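One chain, subunit A, appears in both complexes that follow, with subunit B as partner in the first and subunit C in the second.
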Partner chain A sequence: MKSITARRRHPLARYAVLFLALLLFGGGYAFLAPVGGKADASIAQGANAVDDIAEGKKIFEATCASCHGVNAEGTAMGPSLIGVGAASVDFQISTGRMPAAAPAAQMPRKAIAPVFELPLDQRKPGQPTIDTKKVAQVAAFIQSLGGGPTVPTDADVDPATGNAAKGGELFRANCIQCHNFVGSGGALTGGKHAPDLGKASAKEIYEAMITGPQAMPVFNDSVITPQEKRDMIAYILAVQNQPHPGGASLGVIGPVTEGLAAWVVGIGLLVLAAIWITAKRRQVND
Partner chain B sequence: MTEHDENSAGWRSPKRVVGTPSPAESRYTLGQAEPPSPKTPVIEGVEPRDEGKGAERVVALCFLITFLAGIAFIVFYVMFQVGTIEKAQISNLALGGTLALALLALATGVTVWVRAIMPKYHLVQERHPLVSDEATRDEVGSTFLQGAAESGIPKRRLLRRTLLLAVAPLGLLPLVLLKDLGPLPGTVLRHTVWGKKTKEGKERRLIIEGTGNPIRAANFNSPGGILSVVPEGYEHDLNELAKSTLILIKFRPEELKAGTNKNWTVDGIVAYSKICTHVGCPTALYEQTTHHILCPCHQSTFDATDGARVIFGPAARPLPQLPLGLDAEGYLVAKGDFPVPPGPSFWERGDAEAEVRAKGGHA
Partner chain C sequence: MSEPKQTVPKPIAGVSGYIDDRIGAGNFLKRNLRKIFPDHWSFLLGEIALYSFIVILLSGTFLTFFFKPSMAHTVYEGSYAPLRGIGMSEAYKSTLEISFDVRGGLLMRQIHHWAALLFVAGMMVHMLRVFFTGAFRKPREINWIIGVLLLTLALAAGLTGYSLPDDLLSGAGLRITEGVLISLPLVGSYATFLLFGGEYPGFDVIPRFYTLHVLLIPGIILALITAHMILMWVQKHTQMPGKGRTEKNVVGAPFYPAFMAKAGAYFLFTFGVLAGLGTFAQINPVWLFGPYNPADISAGSQPDFYMGFLEGSLRLMPAWEINIGSYTLPLSVIIPALVPMGIIMTGLALWPFLEQWVTGDKREHHVCDRPRNAPVRTSVGFAGITFYGVLWLLGSNDELSVAFDVSLFATTWFGRIAVIVGPIIAFLISYRICIGLQRKDADVLGHGVESGVIKRLPHGEFVEIHVPAREDVAAHLRGKKEIPSLEAPVDERGIPAPGVRGLIGKVRLTLNRAFRADDIPLEEGHGHEEEHKAIGAGSGHKADH
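Now for the complex of A and B:
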């Protein structure tokens, strides 16, 4: 403590404090910034049986009807769900976007609502806690109302059968304007945003393309074929798993964070070095 | 030091060399041998330093680090072979890291050397006014005026005028050479290949960017869909794509408003230029809920249902709409060129919209 007191009036002390503060914030951010986890894509397919539809209607009435209307016809609070299809239901519920917590410009990805989680005694460690049966029942109910895109099978979304290089080309032509070249997302108008694809599973990506959730346009199977969609999924999953040997990806959102780091940290260090090289030593008798 | 040097030093060498102590403070100037002294000489104004043992060790440590990092660079170069992206990333990290460490330690060592071991003193550097003395300036002035009077420039009007005439073309020469910088753009910015038929004489099909497939209107049937589209036969011609790339949007027909020319749509499918009319960025951030097309560069926002009218941002004009039609096989084709030049403004563009309207067309 005494040595700090003695040195705090040192001419370089303020620069040392500035440097330490930069280091603390930079390092702290890199340490605390969320690291992309991966949701599991293996959600079992529900049979489109009559009891499923009846069961799904019950869950819908209890959970969704307050905004979407008792017959999914839509209200001032939420859009009509007639014709959106089972894929849309599966996407919205399994990414936690629905049921919504509060009305907003856009529903963010969040933890799955408790009503769609498995009871505690049926959960297995290491397995996703989503109750796939309940989700499939609601999906079957919505599908029964007016058709629409169905939930893709595991084979439909298998990234192993996709060509990541070809997918990258398609991704750059159709997706990067909103989602960024490695899927880091970006801003849209009126508080909406294109989400980060870092947590998206193969199935979610496929469902998003065929249903066009929220502001996203639709890329149906007749213009962007299922094989081309698998190519894009292979690309997105490949960039998700891309290592960053330098340690800091800086959010991979391009020149904004990279420029900020270069200007604040890089040039800050250069300024400190220049000060150190030319600083006068304080003289006792001056 | 030779005899000759020593003699000539009296008048040739400046009194003081920049960077050396002034004679007032130091008795030694460059070129003079210092008297042999076992101890550091005590000079007024100069802080004698200790032998700098501690600092010497720091500098030596820095140099040692440089040495080790240099060796490590060579070792890593051999150790981490490249070939795949992952391997190249590791190699880059190892080589860049060791090289940075080597240079940083070397610079640190040299700086510590200068700051902590070399002597330190105040230096007064004398400055003199740059202006010449009065007599010299008068002399130059009178010489100039005398020369001017003798040449007769003020009187001999013919000579003065023919001299100016003689040098005038020489001044214009560089302007003429500018023409060789390249061919003039002509009208290439006004037209795109959408207005031309293909080599087979057919109407040009719309091709999905990335897949290379033509688009059957019946397949592009999900309202809220969007595609990035390039002209058939020019899928990879970047000069052409810079002005003729399209965004193709599918609407429910009742969503389209008066600003859109419905004669140029096919079953709710509308094609707009993808090139922003502000400075030419690809504007394709499309929100299917609000039908906004947003440009990522400066946030110009266009209403896709209303002829891509500008509703926000710096763009001054809507995105031009391309006349669409169907060919015999049901594929989407261009029925003609954009009515106005696509993309940002250019010098010769004029008010192309007004010209189109004057002819009774739809801009």
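Now for the complex of A and C:
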């Protein structure tokens, strides 16, 4: 006790107190913020829903209608979006798949289209640059056309509430035949492939399951409950991010790269060593 | 290349003297420690396999201390969080424990596995060296057969080994093994029940594989390696043709001390590479695969590389089957499982005898062929490599399809065509290359080496002056041996000798002609002879013609 009293007058004490106070407030805010934020959002949604849909329709007409039709009824260039739901829109745009660049067997994940990026002055360092409001507006428009799965909340996709071990079992039972055992991706027929899951966020994983993009089946809530989805998200994020105790991962795609390494590195080095060892002699004796 | 000195080094003299005084075997030691080993890098390739096997034995013994070969069900509560609370077999659980809880366990597992890969790869490159240099010819056929057996056993050792951890990936391999067994006509279901002790997967397969893996197969491999080494020692090494090298001598370094130092260093190299791979490159991360569950299968399920050609043939095969009554003969499994393996292994085993039959060559060979001087053999070798290579490559067609963004079906069709056309093309191309190289050799001997000196003749023509090849190079080139002909034995009435009569005899004769066709004779005469002499004298070498 005595020592604390003594140090209270230390010149740095003031800063320490300030730091503690900030930490407390900051932590407290972070703790409460998501709840408050969501409340705000839902209030805003109620009030602005009609505006949002109208705004979403505008963006849609400008960027998406060329392929999906003005009323999202579909054209030769792209399927009907009636009934695909907000989740599908959110998934497709936030993974950069939509708006599509050109027809292909499968729309690849790419950088988000400039239309859906925040203007430069609104970007914050270290934050994603996606304009969530615009995406939500387009999603609201599509949702208004024929319903469908809605965008999950942060709590819906929180990996902290999932059980990774259980998720691993579900993942092995449902996903690895296409995505490989840690989600490194794999080939499908017809020029398609199941992508590497390394870049997908918790929300995108959830949305992929409820919307089933392209060749991927839909895993709706009666097949896999929301809790099971969180278990899987917890597992995918855990194995994707865990370190590799055995050294370089070699791409975690199985024995193909291991064989390659054995031949190129193993046999390669040993052949060089053999040449070196036998060459040594000639220098000495000749 | 000095001949070994006649004086015996002191350590040998001392030791052999000591032993001689006691058990009278000193001479044996003296003789053998002075044994000569030729010095060519490709002669060390077999040692990769030998030393890897030593590493396998050591690391494998370590693994047996902790591995539990049991299919008994248990629940994991160990230190790898993403599997906690999951039901699995004792075998898988103990592998996880070796990986995460046993000190040095993961390193040992990885070294064991890398050593297994290098063991097989080492054998393969060694075998290719022996094949392409004709080192399998009389009197070494038996050692060649031993080699083929070793290669086959190594595949069996690998298969039983990587099945042991009972993880999801090796389970896929086990399932294919079962599929192949059960597809055998008549005996299929009995054989499967015998191996698995009942319905697949059952409880017996892991313990049984374990016994095979740590006892039976390594035991036989060890015995065969011993026989291989003894034969090699008794028959002595072959050597590349060269100056002072004949069928009667071996030129190189004595076993003690020179070769022993080299072999020791090479063991350390092998060990170092294996330890390096084991430390820095993750192999078979079973914790990521999860426990085996017959209902699950992962994309990218592949066997270890040495099984890749079987996987590839399975993937290439169209889905054919024959139905007789209630019996199904699944050709789509039997053919890819047995035919390519049969072609490759039987082909390897029979080749020395086939070649001997065709060439009628009953001579002993201790000097190797340079691959170009046996164009048919070399081209058959490359055709074989292509056949194997296409199957092997197609074993990973899904990874190729993703990595290079080509359609999966396209790779399959490419493979189906390439596996038949590829070897033919490879044969033709390597044949032409061999002939070209032979021409070049003949040119070097007959015509000399370009000296870089350009000379202008009185009438204005420019010629580059050639100098005779250096003595040791020339000796190396001149090591070429004629392939014997079967044509000779025709008596005065035009009746061929018994060996080439009848249908088989005709086939033999045709093959023999093919073997000898296009043989480029060395030392052909050439045009501007005088020019060589002019410069040859200056450089101190004497022209050969």
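By definition in this document, the second predicted complex is superposed on the first by the 225 of 286 C-alpha atoms of A that agree within 3 Å, B and C clash if a C-alpha of one lies under 4 Å from a C-alpha of the other, contacts with A are read in each partner's own complex, and residues count from 1 in each chain.
Note that in this section contacts are C-beta pairs under 8 Å (C-beta built on N, C-alpha and C of every residue); 3 or more make two chains touch, one makes a residue touch a chain.
Just so you know, these numbers come straight off a predicted model, no measurement behind them.
A.B. asks: After the match on subunit A, would you call subunit B and subunit C a fit or a clash?
C.D. replies: Because the two structures are overlaid on the shared chain, the partners are seen to clash.
A.B. asks: Considering only touches as defined above, state whether A:Ile82 meets subunit B (first), subunit C (second), both or neither.
C.D. replies: neither
A.B. asks: Touching A:Phe181, do we find subunit B (first), subunit C (second), both, or neither?
C.D. replies: After superposition on chain A, A:Phe181 lies in contact with subunit C alone.
A.B. asks: For A:Val239, using the defined touch cut-off, is the partner it touches subunit B, subunit C, both, or neither? Pick first, second, both or neither.
C.D. replies: second
A.B. asks: First (subunit B), second (subunit C), both or neither: which does A:Met216 touch?
C.D. replies: In the superposed model, A:Met216 contacts subunit B only, not subunit C.
A.B. asks: Looking at A:Ile277, would you say it contacts subunit B, subunit C, both, or neither? Reply first, second, both or neither.
C.D. replies: After superposing on A, A:Ile277 lies in contact with both subunit B and subunit C.
A.B. asks: Based on the superposed arrangement, let me know which partner A:Glu228 touches: subunit B (first), subunit C (second), both, or neither?
C.D. replies: So A:Glu228 only meets subunit B here.
A.B. asks: Contact-wise, after the overlay, does A:Glu169 reach subunit B, subunit C, both or neither (first, second, both, neither)?
C.D. replies: both
A.B. asks: Who does A:Thr189 touch here: subunit B (first), subunit C (second), both, or neither?
C.D. replies: both
A.B. asks: Check the residue A:Cys67 against both partner chains and state whether it touches subunit B (first), subunit C (second), both, or neither.
C.D. replies: After superposing on A, A:Cys67 lies clear of both subunit B and subunit C.
A.B. asks: Determine, for the stretches 63-71, 99-107 or 333-341 of subunit B, which one clashes with subunit C when the structures are superposed.
C.D. replies: Clashing stretch of subunit B against subunit C: 99-107.
A.B. asks: Can you give me the overlap between the subunit B contact set and the subunit C contact set on subunit A?
C.D. replies: Overlap of subunit B and subunit C footprints on subunit A: residues 169, 172-173, 177-178, 186, 188-190, 194, 245-246, 277, 281.
A.B. asks: Tell me, which parts of subunit B touch subunit A in their complex?
C.D. replies: 47, 86, 89-90, 92-93, 111, 115, 120, 208-211, 213, 215-216, 219-228, 249, 282, 284-290, 292, 294, 296, 299, 301, 312
A.B. asks: Can you check the complex and tell me which residues of subunit A touch subunit B?
C.D. replies: 169-170, 172-174, 177-178, 186, 188-190, 192, 194, 212, 214-220, 222-225, 228, 243, 245-246, 276-277, 281, 283
A.B. asks: Which residues of subunit C touch subunit A in their complex?
C.D. replies: Those in contact with subunit A are residues 1-2, 39-45, 48, 81-86, 99-100, 106, 110, 114, 117-118, 121-122, 125, 168-169, 253, 258, 262, 265-266, 269-270, 273-274, 277, 279-285, 288-290, 293, 295-305, 308, 396-399, 401-402, 406-409.
A.B. asks: Any idea which subunit A residues touch subunit C in the complex?
C.D. replies: For subunit A paired with subunit C, touching residues are 163-166, 168-169, 172-173, 176-182, 184-191, 193-194, 235, 238-239, 242, 244-250, 252-256, 258-259, 261-263, 265-267, 269-271, 273-275, 277-279, 281-282, 285-286.
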